[in-house]
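Each of the next two complexes has chain A plus one more chain, namely chain B in the first and chain C in the second.
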Partner chain A sequence: MRYAIRWLVLLFCIMILTSCWDRQELNEIAIVVGMGVDKIDDDILLSVQIVNPGNVAAQTAGSLESAPVITYTQRGKSIFEAIRKLTKLSSRKLYYSHLRIVVFSEQVAKEGISPLLDFLARDHELRTDYYVLISRNTEAQHILEITTLMDRIPANKLFSSLETSHWAWAATGKVTIDRLIELIAMEGDEAVLTGIIIKGDMQEGETMENTHRLALRTLLQYDGMAFFKKDKLVGWLNEDASKVYNYIKNSVISSVGVYACPEQEGEMTVEVTDAKSRVKGMVRNNQPKVKVSLNIEVNVGELECSMDLTQEHTLQQIELTLEESFKKVVEDTIAEMQTKYQIDIFGFGEAIHRANPSYWLEHKEEWSELFAKLDVQVDMDFHVRAIGGFNRSVPMQKEE
Partner chain B sequence: MERVTDSINENAEHSGIQQKQKQPLQSELQANIDLLLGYAGYSDDIVIRRFGGDHGIKEAVILYVEGLTDRDTLMNNIIKPLQFRKPFASSVIDELKQLVSASDLKEAADTDYILQALFSGDTIILMHGEASALVASSKGGEKRPVSEPATQTIIRGPRESFTENLSTNTALIRRKVKDANLWLETMQIGRVTKTKVGIMYIQGLVQPSIITEIKQRLNQIDIDGILEGGYVEEFIQDKTFTPFPTIQNTDRPDSSAAALLEGRVVIIIDGSPFVLLAPALFVQFFQASEDYYHRWDISTLIRGLRFLSFAIALLAPSLYVAVTTYHQELIPSSLLFALASQREGAPFPAFIEAFIMEIMFEVLREAGIRMGRAVGSSVSIVGTLVIGQAAVEAGLVTAAMVIVVSSTAIANFVSPSFNMGISTRLLRFGFMALAASLGLYGITIGLIILALHLCHLTSFGIPYMSSLAPYYSNDQKDALFRFPHWLMKKRPQRLSNWNEEREQTVSVQQHQMRDKD
Partner chain C sequence: MRHIHPRQYMILTVLYTIGTSLLIIPSLLATAVEHDAWLGAVFTAVFNMLYVFVYVLLLQRFPGLSLVQIAEKLLGKWLGSVVAWLYISFFLLLAVLLLQFLGQFIHTSILPSTPVWFIYFTFMIVIVIGLAYGVEAYGRSAELFFPIVLLFLGLIMIALVFEIDVSRMRPIGERGMSPILLSGLKMSTFQEQICLMMLAPLVANKGKQTAARALVVGTAIGLLVLIAITLLTILILGSYNTAHFVYPVYVLVKKISIGDFFQRIEILMIAIWFLTVFVKIVVTMHAGLIGMTQTLNLKSCKPLILPVGLLIAIYAMIVFPNTATFFEFGRESWFSYALSFIFVLPVSFLIVDIVKRFVGSLFKHEVSE
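Coming up: the complex of A and B.
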């Protein structure tokens, strides 16, 4: 009995003495899903997208009276200051654990983002699983002010469409905050972030009426990838270059490529089902050299020309064509980065570092110049694995 | 039994009831009648019938209590022979011994014994000029027939359950286990109620130490009345201050027989359709007799479901409270938005909300049990409408909370034993308080304390968590899983560690024992 009472007293003490230090009810917090960082003069303009929970749940989603999210913007000397100052606008404490995306404006990125990343990585309330994007040709604030349909929370829409397009199209990159810091800090590799643009009229996109149309007049769309020199944005990769970047970085899951038919008019489209890349650095005669091997498996997806796919040599011919044309694209992209920007976004420096650390230690300061002259050998290996539902293309059947 | 009567005499003054040494019978008939009736306060349900007294036939008087006797026995075997008596040369007692054809006929002079027999349903025959009486067994009277189990219902399996009558219950068990080694010992507990308590076990399977322990604990019970097995259970359980039952109860003869075959002891209390099974281990409260009647794979799955339900019933509301008030980052985003939208405008904190709902539910459940069957359905209608719908529509509680509380309740109903279910209900509130004050950290603390407590418990010396902690690989066949019967060759290790093989019959052991004797 005494024993039991003692336990009960102890338990009671645990309950009353510790107090409810970080207890917060769901209706006392404002869930932040998106964050945008712009700059005005020397100050930071911070925008946050907050979920309006009353208007996102399934049962109330039909009513379009009020917006599913609210975007607040506040100016501050630092991100943290701006965050705390945001409580002047919001009725609730902002809760950052469900942050999906952080958008930096192109302007901010050009000036250097590392001072801004410190808070994002340091604060305990933020997780590290949100994606970092660059708003192209517009302020980050505006990206967070465009309404979307289907996924009524724009930040959520950006999050999931980035994942989908990365999976199926491979011209976008998913970079989380911790990976970004790693890339910035790493010598011999540079950061590359996906760009986002507003397609259509910005004014109209900010209203709920935008979502009332069948064809939305204003949309958020991923466009190109921004590459950095250290923490400063230098330029943009176009779609092809973005893909090449992803291929070399071994982050292509699936994609689609269009190539000219071998020895014929018309084009063929292949579906990439598996892509593996190996970047191997070596130092010969004190000269760095990088070998990129790409091993890509494809299915024939669409044929505009007449080919008999039942013949093995046809498939070999296709593979050969694919290898030749894609190799050229890859080589051109690498060459452009070497000659035009001298920025090693592919991580070749890191490959050299791994292959020959002592060489790297000696030459890392002059890597930009070395990269410009770097001998890059590209090995391409395509395999056609499947040819789809029928053997002979429709144009071929027509000829018969 | 002797000890019980001794203690009655020793402690006579403690009891408010007249218990002092009673006067024995004398040779005067009327004096004897008055003596017995006087002790019984001339209760009106005692029937007196006189026979003979003239034509040379010596007078005899029978006494019995109305309603406690078996009518047929009384009429045909006692009254009829007495009525048509012829004059007899020798002593009246010898005469009656020959005439009365009761199944059990004893001669007694001890008033205590006679009175007790009278109130157990026996017929007392007093005779002219004799200082002793004949006690003819005629127990009977109204009793409930064997019916379907009301609590532990099953789909497949025997549909009989124990009744309030001890001898019916022992017979029900004997019908399942037809072995001479199934031994029954009875004793009397309760100074006033004088309740018959039987212990049944299979000699040779049960550990002798457990039998000794149980008998010793039963003998130490000193109480005026035993009205249900619960009285006994509370007296003989290993630990009082625990929410967990350390003795199992069942109203199913097949479960009892299975327990006997595992080397456990069945304690039957006269007047209760629930028998006690001891020792009882934690995992046994999650086993239903049906587990052994269905296919093993299905049974294993269902048993897993029960453990899952136990966890849900114990933790669901506290996890909900902890996660929504402390660890919002753990909830998937879209679920969080859905929950948050429900919480909009909710007047109470999540913990208070959960607490109110749980209390309301417990009230409803209690009302459902206490109310008769006729009004039971109206309770559930009011409950569904008030708690389920109106409260949500009025915005007083969130729909998510209703879902959590009702799934908790349903999960709780899965428990095959009611007393384990109650423990879960009790602990749930503790966990909710811990969750509300400390979040998941608190729940973890609670679980650690719970695990320590469970491992600390014993049931008649056997660790409560046996086969899990301490771990017996052999017993895993029938703990969390239910292996096919042909793989369950051995009995539970701790219960029958001297006779494990199930195929090995008891008699082998038995003969050895007799040789020793």
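Coming up: the complex of A and C.
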């Protein structure tokens, strides 16, 4: 009898310990990988990209009858309302834990994204490991409707190509939601998000035929970075400025830069292998001052001019040229932000805050004016580390 | 009489100290002092160690007595039992709060459609079973949990080291030391080692390994973990996010992603959380039960376990109508309420004892003359 009761208790435990109340069966959920937010009048137009489970597995990759993902769009007064209304379209409950990207349209971002971030930070299903993007010159909805080939799930493609280009090209930024909220909340720093454009014809990009071509007519491409004042989009950084931003923010891992050869015609391309930045704020005579020190290590990647790279003198000359020309680019970019926008995207205010908290406490209200005439000193230090496997340029016919 | 080894007592103390604090303290500290939260945690630890030294002094003066017995011995039958019952109510209310907090966390973060009463009762079943088997059994199970908790914590901390940005902790002490000290003092009331005082008589002292020593070492280890976790939340999430996410440590662990395969390990955090909160509720409830047995002159606390357990689970459902009241209570009322039990009363016991012994020695002196 005792024995039987023990077993009954054990069985009962198995029943209650499975947490079946919250079970989510894989065949009953739809995995959302991308989310786009647009606005119509005062309503939110929410688009979600959902994996079509039957058509992403490897063995069916050749079948092209149906698309690997589905994009649904629904209008609602808030994001959460739109999400629940989406079940009118979808046969399954949407599941958000595997979200890879969230796209806000440029228009929405100009009106302010803070109200839209709330749900993303609050809901328990959402994590913090997806990236936030801004769709440029187009609606976020359309970004989620373009087909891609290599990675058949477009949101995955966007996720990994952002990581790759951030690693190798450094003109894009990986910003997760917690970082974004932190940047918006911070008084001496502003948010900067990567922009995404549709390259080519939009209508054609929405069909599966787009992926039948060798040279895809329509592609998704990262383009520039959008900078914010608090939560409102103000303008766009071009490619060079985006790079400068990443250099100053110490988030460059590797990149490539093209510069004029020292003392002759032609250009040389260098590969950045390591970049370190230090932003140091100080207050002298009640005047804020910021010193940016960049320490960049490069390899010679491509030469269009004849130089003997086996001589130390040549490398020193290269370093000097790089330092001079890149310093100018950095200074110009900072000056443009100071004079044209008065928006401190580089976090100089935060540097002052860290260096002199009491000064910051007094002057943080007028920081944008102070930033506009801030004395920024740029120190540049290039080191050429390697020259590759060829110590001269390939001989060429000199033009007379 | 059941006994546990001082090592088990130390492990119980460590898990007890980590317990709920891990989820509450970083957020509350960051709300109060922003990026100086880790300094606040250091002060929390300092204050906590101060309390523990008071307990140690009491333990040395009254070996083999529990807190409730000390109160009765010092303050006499009537006043003593009033204080004893106040302590018992404090322990039981604390058990309710811990259960409520655990339930709310599970409800909002992991199992949103499971009714919260179900979480309370399931967890309470485990606690009641643990108490029914007695202190030896749960002391030993804590000993088994301990390496798991350490392993998971270590894993999480190492994985998080890659995300650190040291500049987030500067400038240090921007608003002066007094708000940091104050918030440190406030937070120190969230680690109620006083409950462990009730268990101290159950520890079989072995030479140098005494209950007092185990209490000090255990608290110190637990507090170090607390400081480390607070520091990590500040360095990784920044002060704004730490203050405004309700469970920042959980968000922090969700961020872990190494090489695209070592990720989504937040369930490890929940395992730590379950194990430590289990220990914390068991110890707290046991403290209340021991107190009741001693003041009511019962032979054993066994008949009380199930009814008290049920009451705690039911109270967890009704004591706070929503999370906001819970957090408000934690912020506004808990400090003065808890401080009187974990510091003011023990210190007054100590003073009463010193005065009593002094007066006693005077009296003796006169007689001998």
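General remarks:
Everything that follows uses one rule, which is that the second predicted complex is superposed on the first by the 380 of 400 C-alpha atoms of A that agree within 3 Å, B and C clash if a C-alpha of one lies under 4 Å from a C-alpha of the other, contacts with A are read in each partner's own complex, and residues count from 1 in each chain.
The criterion applied here is as follows: a contact is a pair of C-beta atoms (placed from the backbone, for glycine too) under 8 Å apart; a residue touches a chain by one contact, two chains touch by 3 or more.
In this text the structure is predicted, and so the values were computed from the model without any measurement.
Using the contact criterion defined above for the overlaid structures, shared-chain residue A:Ile181 touches chain C, although it does not reach chain B.
Of the two partner chains, chain C is the only one touched by A:Pro357; chain B is not. Once the two complexes are laid over each other on the shared chain, residue contacts for A:Val33 go to chain B alone; chain C is not touched.
Using the contact criterion defined above for the overlaid structures, shared-chain residue A:Asp129 touches chain C, although it does not reach chain B. Of the two partner chains placed by the overlay, neither chain B nor chain C lies in contact with A:Ala215. In the superposed model, A:Asp22 lies in contact with both chain B and chain C.
Of the two partner chains placed by superposition, only chain B is touched by A:Ala4; chain C is not.
A count of residues in chain A touched by chain B and by chain C gives the higher number to B. Note: residues 16, 22, 127 of chain A belong to the chain B contact set and to the chain C contact set alike, using the contact criterion stated above. The part of chain A that touches chain B in the complex is made up of residues 1, 3-4, 11, 14-16, 18, 20, 22-27, 29, 31, 33, 51, 53-58, 60, 95, 97-98, 100, 127, 153, 156.
On the side of chain B, the complex with chain A involves touching residues 241, 324-326, 328-329, 333-334, 336-346, 349-350, 430, 433-434, 436-439, 442, 445.
The touching residues of chain A, when paired with chain C in their complex, are 16-17, 19, 21-22, 121, 124, 127-129, 176, 178, 181-182, 185-186, 350, 353-357, 361. Of all residues in chain C, only 108-115, 118, 122, 167, 170-171, 174, 237-238, 240-241, 244-245, 251, 254-255, 257, 263-264 touch chain A in the complex they form.
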